[in-house]
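Quick one: this structure, given as structure tokens, is what I'll be asking you about.
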Amino acid sequence: MTVRVNTNEPQLGLPAALSRAVAPEGSIAPKIYFEAVGEEEFRKKPIGSGPWKFVRSVPGDRIEFEAVTHPHWRGRPHFKNLHILQIPEESTRVAMVRTGEAAIASISPETVLSAGRGGLEVLTIPGTMQAVFQFYGAWRPSVKDDPITRPRVRQALSLAIDREQIIEHVMAGKAQMPRPFATFGFTDSLSVDRWKKWSDDAYRYDPALAKKILAEEGYPNGFVLKFANVALPGTQFMISIGTAIADMWTKIGIKVNMKHYEWGAFPPMQMGEQPNLTGWASMFRTAGRPDVPWRYNAAFAPDSTERLLGDTGDCQETCRKFLEIYKAVINERDPAKRTTLNDSMVQLIADQWIVVPIIEGMGYYAINKKKVGEFAAIPGRHELGDVFERMPHPDEKPWKN
Amino acid sequence: MRSTPWICILVIVTMVFMAVFAPLLTPYSPIDQTLRDKLLPPFWLEGGSMKYLLGTDAFGRDILSRLLYGARVSLIVATLALTAGGGVGLVIGIVAGYLGGTVESILMRLVDAAFTFPAILFALLLAVTMGQGLGTLVIAISLLLWASFARVIRGEVLALKQRDFVALAKVRGCSEPRIMLTHILPNVLSTFMVLVTLNIGVVVIAEASLSFLGAGIPPPTPSWGLMVSEGRGRIADAWWVSLIPGLAITALVLSVNVFGDWLRDRLDPRLRQL
Amino acid sequence: MSSENVLEIRDLATYFFLRRGVVKAVDGVSLSLRRGEILGLVGESGCGKSVTALSIMRLLPRSTARTVRGEVCLGGENILARSQREMREIRGRRISMILQDPQTSLNPVFSVGEQLREAIFKRTRQRKAEIMKEAVGLLRRVEIAAPDQRIGQFPHQLSGGMKQRVVGAISISGQPEVLIADEPTTALDATIQLQYLKLLKRLQSETDMAILFITHDFGVVARMCNRVAVMYAGRIVECGPVAQILERPSHPYTQALIASVPKLADATGKLTTIDGQPPSLMNLPPGCRFAPRCAHADPRCRSIYPSTFTAGVDHTADCWRLEGQ
Amino acid sequence: MSGFIARRLLQGLVVLVLVATVVFFLGRLTGNPADLMLPEDATAEDRQRLIEALGLDGSLFKQFVAFISSALKGDLGTSLRMRQPAIDVFLSRLPNTLAIIPWALLLAMVVGIPLGVVAALHRGRLLDRAAGTIAVLGIATPSFWLGIVLIFLFSVELGWLPSGRMGGPEHYVLPVITLGAFLTAGFMRLTRSSMLEVLESEYVKLARIKGLSESVVIWKHCLRNALIPVLTLWGVFVGNLITGAIVTETVFAWPGVGRLTYEAVIYRDFPLLQAIIILKAILILTINLVVDILYAYVDPRIRVN
């Protein structure tokens, strides 16, 4: 069966959206059922198009699924029942996998080590996210004299970061050197390899150069940097990354004034004039997704939430240039030309050092080998659904892609 | 009667000393990271070295240094919270218990209110809205303490009021404040002592729990509670990260309690008779 | 005539062992309490009266206090040799006690009835109804009005005098041969005191139990007792019939004590007091313990403790001045 | 007695209003509560709509009145995350919390109080020291740490008990110990200290004079009195117990209100958090009322007159 989607203008984001890279848009729901029972009821008893059927949800404890009985294009699950347990405390989560109370649990890189030592298999899914630091409202007049408004200073901050160290020690080796903002090995219509080369050089560790740049920019003794450390849900390790880079910045003579935020406290600060973020460096994250413009639009468009280049009231040169390229790219149908446009868009932003990737993160799962066999996951797709439908029984052969 | 608990006094003195002179004693800065040296065990375990006597944490920070500075933070929090919370509780307890009447019922309703407004929640709310920090923490913990102090002290005072010597003082025409000060206060001090000792534990633990819930002293500033909380996931592979500060907490609370009991025996007038 | 003695105390000594040292609260007390008499035990506070009483009851805090020597013979058998279990059988039934402070000697959380019931049940193992009947009876005997209501009430609802009556009722509920009354009236106001003393005397005559009446007030002694023993710094210094001792006390301390009692007779009401302090029970003087405060004390008094001399019929005193009289 | 309860109930209401006020103003303290009540992806339109819906454009007093009146109607807002009335979410989780709290209390009573009595009787001797040490360990161990260590030992290493989640009796053991540890220690210490006072009292002497057996003297005459200060403090502990459940339920993935609180905080579900605080206030007030009645039962000086 085929679903045909008609749009009255080019919809660049559509393929990505339908790939569930962006959660809600991607799920195909049964029109008749939805209209029959209404949203309220649908939320209680959802019906989707995936290989798992919703059975019931026990609030605060678990959600139960059942494998579909008919052959599914994504492959029929090997297990009849799937119970997703909600275990907030990670040590408990790992303990439950070790005792066999659970077969597989999502974990953070901090736990990768102890999970391994605890005799658990660790499954990693590459390219699921990018941890970045970015600068809100650097374009606002209110901060025009601030060091962080100078691209080269921001570049210096990047050069001060020893990414290998972070990958090795904070991420337990389970992470990669990042590519430019929001780009991955699997990104569509982009000169992927060119950017790999570019970023390997651009994101190198060179504290000496960093110091030199600071001196040239007039901050030989560094400056005070306000830094908002925050972790988006499910990526608690971002706090550790933030702590680590803050320490690295201190080592090139910058006085880092770090403030921690619960994720909940953060989004409200992005609203309005962003008074609490303007002039700050802050941790942020982008999820692994195959297309560039959609995410760039969310970060840089004057009417977006983050508005990193300017807002509708005040859209300066870079901001305008971005809009130009963006408009062009979403209206461009020729793949080759679109690639060129995407590349220039990435270039524009990369040179600004306004959003600086730190590492390319992965999804991590601790697995009890007695309960679940070996399998590989789709790169960039670490949502539970994508992982679980591929789980074989311990005795079965590994899942083939 | 038990003998003077020198060991406990020693422990307490040592910790205070650690707290005061942390900058002079620590081999490293408590927040400087050496990621290469992360999770090194204490020197007596294999893999450990004299470089980091008590080993290092996940960021390669020297646990000994963090422990010393942690003593500082934890003791500051404890002192501030107990002085603020305990003091207020003591006064309110005595006044309410002794004066009785409307004063009492008003004060005691406040106390009830304080109980029914779980201080931990308050701390979480503050941490989320105002941002976490020493101030928030102390305020929250004091709010947790004063009420319980007030309530227990009041209970004691109510009992004391029946005693003849109070009546006697009244007869002798002592002013109410004077009676509270010279007759009631000395007699509730032993209870106050027990409460303080019991609550030093409460404070340190509350601080730890709040760290666990992400509303304690913001990292990287080391506090014992935060250290235990940060290392909790590594009991299996790097137990020292959380066990060492954990032991520090236990040692402190244990000492202060034993010391407090001893003090109680000393202070309790009835026990001094014989 | 020791067969007459219901309670005989021989050379009783009870010390408190504290960090600061040994307190010889009672140090060689000998007394005999005869059937049906009221024997007064007088002395300044802190001279060891109460400790003597508690040593007899064996209710001193075991952690600090120990009775180091002597005998307490109740009907000829030394109860100091008895086990605590056996002691429990003796307490309340054969020997009982009224405590000083009625305010604190009743348990605040139990009703009067309950506290009586326990005592009676311990002895009779009767059914509740009968026990309650007996309890009401006891309250009536101690002259408490409307006992049926009182029985259900709690200590804090009773006046001091009434509390003390209840305590009395509890103490005599076991019909003991010996009742120790430790300053039972000091906490009560004058008018109540008198009633209470009368009550005690009446109970005593009804049951012909012997009462060891502890007080610091010679006036009360005069009103209550047949015989009196004067205690000073842990020892009995003089003992004899009340009339005789009041008339011609032979121990200087007794004399001083009597002199200090306000006589209703003399209108001037001039009070003589004893100068000086009683000795510390932790380091007692080698000789007579009163010597330091005694007008007649000589070197011997200060060095050797006087032996007991007869001062008259059934009247003895520990003072060298009686030697060879 | 009934008057006593009535008075307590009235006071309870006063307290509730106080708590509600505090919550209300805390919400305002952080700027426009609309920002706290909107999901991350909310648009300016959503914001305006909510502001109008909640009457947040009106005066503070108007807002407060609106807040209270709707609260009285049982409407405590809607959870952002679960998109259901906060009160329903709370009530659906409450039974699970009420399923462990009594056990923790029971543990504290049957272990803490007797231990305290025994310690007092052996005052200064080995048993006292031992009990005291256990008590302090109970106080000196952060409950989340205790919980995780217990899981590590009894689930992972020994495999005797499940690591978490609600379930059969075996699921209760570790959470109840974790939650009750502090309370047990507190009861023990307090029983001990008040027991020491009572043991010296005159009425205990009188009880002995009656010739009552030691067990009656101690477990009847002493304990009943020693319990009074314990009970005053019990009221105190209940509050801590409710908040203690936040940590315990989080560690053991127990689907109760404690964990709900944690989630409300982590996901910044302000309407839910606000409701939770008020509802927990009610819960604690109710429990304290029960304690007060118990208190009155133990101490006639309060019961009668």
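In order of appearance the chains are A, B, C and D, and numbering begins at 1 in each one.
As a convention for this text, a contact is a pair of C-beta atoms (placed from the backbone, for glycine too) under 8 Å apart; a residue touches a chain by one contact, two chains touch by 3 or more.
Here the structure is a predicted model, which is why all the values come from computation and not from measurement.
Q: Going only through chains that touch each other, how many steps at minimum separate subunit A from subunit C?
A: The fewest touching-chain steps linking subunit A to subunit C number 2.
Q: From the centre of subunit B, which chain's CA centre is farthest?
A: C
Q: Consider the two chain pairs B-D and A-B; indicate the one with the greater count of contacting C-beta pairs.
A: Answer to which pair has more contacts is B-D.
Q: Quick check: how many Å separate the C-alpha centres of subunit A and subunit D?
A: Taking the average C-alpha coordinate of subunit A and of subunit D, the gap between them is 39 Å.
Q: Centre to centre, by mean C-alpha position, how many angstrom separate subunit B and subunit D?
A: 20
Q: Which integer distance in Å separates the CA centroid of subunit B from that of subunit C?
A: A distance of 50 Å separates the two centres.
Q: Note the residues in subunit D that touch 2 or more other chains, in rising order.
A: Within subunit D, residues 124, 144, 148, 152, 156, 200, 228, 250, 262, 265-266, 268 contact more than one other chain.
Q: Residues of subunit A that touch two or more other chains: which are they?
A: Each of 91, 118, 262, 264-265 in subunit A touches at least two other chains.
Q: On subunit C, where are the residues touching two or more other chains?
A: 61, 156
Q: Applying the document's contact rule, which stretches of subunit B touch subunit A when the two form their complex?
A: Contacts found on subunit B: 31-33, 35-36, 38-39, 58-60, 127-129, 131-132, 214, 218-220, 232-238.
Q: Under the stated contact criterion, what part of subunit A meets subunit D in this complex?
A: Those residues of subunit A that touch subunit D are 43, 58-62, 85-89, 91-92, 95-96, 98-99, 101, 118, 233, 262-265, 267-268, 271, 305.
Q: Write out the stretch or stretches of subunit D touching subunit C in their complex.
A: 123-124, 200-203, 205-214, 216, 221, 224-225, 228, 298-301, 304-305
Q: Applying the document's contact rule, which stretches of subunit B touch subunit D when the two form their complex?
A: Where subunit B meets subunit D, its residues are 1-2, 105, 109-110, 112-113, 115-121, 124-125, 128-130, 144, 147-148, 151-152, 155-156, 191, 194, 198, 201-202, 204-205, 208-209, 212-215, 225, 228-229, 232, 235-236, 242, 246, 249-250, 252-254, 257-258, 261, 264, 270.
Q: For the complex, which residues does subunit D have touching subunit A?
A: Touching subunit A from subunit D are residues 31, 35-36, 38, 40-41, 47, 82-83, 89, 92-93, 96, 144, 148, 151-152, 155-156, 159, 162-166, 250-253, 255-256, 259-260, 262-263, 265-269.
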